[in-house]
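Below is one structure. I have some questions about it.
When the chains are written out, they are named A, B, C and D in that same order, and each has its own residue count from 1.
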Amino acid sequence: MTSNRLEAFSDGVIAIIITIMVLELRPPHTTQSAALRPLVPVFLSYTMSFVFLGIYWNNHHHLFKVVEHVNGRVLWANLHLLFWLSLTPFVTAWIGETRFAAWPVALYGVVLAMSGIAYFILTRALLSIHTSDSVLATALGRDFKGKISILIYLVAIPLAFMKPWISCALYVFVLVIWLAPDRRIERTVAG
Amino acid sequence: MTSNRLEAFSDGVIAIIITIMVLELRPPHTTQSAALRPLVPVFLSYTMSFVFLGIYWNNHHHLFKVVEHVNGRVLWANLHLLFWLSLTPFVTAWIGETRFAAWPVALYGVVLAMSGIAYFILTRALLSIHTSDSVLATALGRDFKGKISILIYLVAIPLAFMKPWISCALYVFVLVIWLAPDRRIERTVAG
Amino acid sequence: MTSNRLEAFSDGVIAIIITIMVLELRPPHTTQSAALRPLVPVFLSYTMSFVFLGIYWNNHHHLFKVVEHVNGRVLWANLHLLFWLSLTPFVTAWIGETRFAAWPVALYGVVLAMSGIAYFILTRALLSIHTSDSVLATALGRDFKGKISILIYLVAIPLAFMKPWISCALYVFVLVIWLAPDRRIERTVAG
Amino acid sequence: MTSNRLEAFSDGVIAIIITIMVLELRPPHTTQSAALRPLVPVFLSYTMSFVFLGIYWNNHHHLFKVVEHVNGRVLWANLHLLFWLSLTPFVTAWIGETRFAAWPVALYGVVLAMSGIAYFILTRALLSIHTSDSVLATALGRDFKGKISILIYLVAIPLAFMKPWISCALYVFVLVIWLAPDRRIERTVAG
């Protein structure tokens, strides 16, 4: 079983998630520039989520470049990942509307953490049907970035109830460490 | 006539259906965790429908792996299936908003039953253009799970007017028996 | 230049158009079955538009099966078709909300007619880069169904101001003559 | 690394952006034709944005026809382009609702300019991994149209605060110079 259709379906779902988030950016009813000010937190949360989803798409893309075959368990692990990603527009909208309040920021972290865990489960499901000397296994390695990201999210969630901006800074920090595409796989494929 | 574009189109429609359902999960206007409580039934109905649509996508994916060719009748049988699936966001939203009341739960069952029947019709349309010793015919076999699911839905619909939670329990029961991917096809292809 | 990406993009746009129409089907706030009654015209107009868009997808699918190559003009003729199809959700919602009133029904006919004309222009753009003995040219033939459909729409539009239901009957009549897939092409390919 | 999935994802995102814009075209609650009058600016801004996005899709399509391979930087340059394009529905809706007022028209120009710059960055990222005698490099040439478009946008933005219609005329002027598909690439591929 090849992964063509799994990739196409995931592309479709991520493309829609990334795009419907912009529907939260409601045009103001007045023509003044001041009317744009309440939209600033909405725009910032949109941008953060866009980059997060971009990273997932990018990593998903790199990952499936080296996947040789999939099975039913992988299909479900992938749907599980898409489920958590699909909650991004909801938490993004809540963050934007409440201007980065404690509960919304914490819940945003929960969705990020669950997405990270779901991605981890997906890589395990894939590893279980590839040999340990496959390109996939070599490319994933110890998956340090994946594990540290989940850890940072789990630290950031309770911190949201003290200082939401610290949690947001931690989310952005994870963004930065991921913004480089998964060089492990690029390097392995090239090497 | 190959099925590439039929698969791509179905992937697109199912991806959109699955994703726009999350638009019903409106972010609360307050920042309290209590504001999330009315969202619990909306979230539960979203999760149930996500899994149902995931099962359809999964089975559709397995089914078309073994399809050798399609014709005009198959295209329409497939569009008919997509029509019923496209009503899922509507009944999901009604269930979520009314907290699993009788009529919404019954109508949800009607959409499930019609989707099941439409899928059955699609398999018949496919079988009529494949030989009885084709991989498709062997893989589908007697289609016990498909038939029993429709039967359970038809029992659950009237029960919604007595105890909606019994109907929901029956819907979840169908979910469970389908959660395993269609091993018949996986086994047949491997064998 | 092959048509793969044109087909994928068209599939995407039509899949989204067909699916966002269902967002008009707003769940009632009460749990009574009577609450569904005002939704009946919305559901009927949704079904009619779903079938129309299904026919366009189906014919588009059959058409591009026999297309050998495309050029920039074809890309734009195709975008022009997608533009008119993209207005379907708007007129469908207006018809549903006003319960098949004169102006909405007439405007619905305008969108149908413009879509039909855009499809005709697309076939001409394709014919101009295929030889007259190509499968495409043979399959399209005199395109009787395409021309008669546009004629019926043009008759139905003014009739909407006398009896909207006559216009709707004419629209359904066109649906019926198209519901069979474009056998010309299926026959030509098979022959 | 081939560009198949990048193209499919971009097609998906652009298809959704182009289609959700039509959701701004809300059906009037009355059945009179006069009720359509306030929709005229909404329709005009929708049409303008549809053509702009159509041009981007078209050029993206032509561009990736001659791309031989992509890397992680190209993936991000492409996501950056999609980010700015995804803001089109927001500025389109604001323009339509405020009937082409100064600030909305200026912000529309900012989104157009940023999209143009993002497209330019994407072409540079592609050129850096193709040889100077590649089809891509020959086809792009000096990219006069791309540079002049950005220049016109930058002129049009401040003009919106004097006469919004002049800015709109400039936007339409850019549309006209792009409406022809990128003949450079078509010519280069054919030659």
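Criterion: contacts are C-beta pairs under 8 Å (C-beta built on N, C-alpha and C of every residue); 3 or more make two chains touch, one makes a residue touch a chain.
It should be emphasised that the depicted structure is a prediction, and the values quoted were computed from it without experimental measurement.
When the CA atoms of subunit A are superposed on those of subunit D, the rotation angle is 90 degrees to the nearest 5. The pairing of subunit A with subunit B is characterised as different-residue: of all residue numbers used at this interface, under half are used by both copies. Each chain gets a centre from the mean of its Cα atoms; for subunit A and subunit B, those two points are 26 Å apart.
Centroid to centroid, with C-alpha atoms defining each point, subunit A and subunit C lie 37 Å apart.
Residue positions of subunit A touching 2 or more other chains, listed in rising order: 8, 12, 15-16, 20, 23.
Looking at the complex, you find that subunit A touches subunit D at residues 7-8, 11-12, 14-16, 18-20, 22-23, 25-33, 36, 47, 50, 54, 57-58, 61-62, 65, 179-183, 186, 189. Contacts from subunit D toward subunit A in the complex involve residues 1, 5-6, 8-9, 12-13, 15-17, 20, 23, 71-73, 75-76, 79, 82-83, 86-87, 89-91, 93-94, 97-98, 101-104, 107.
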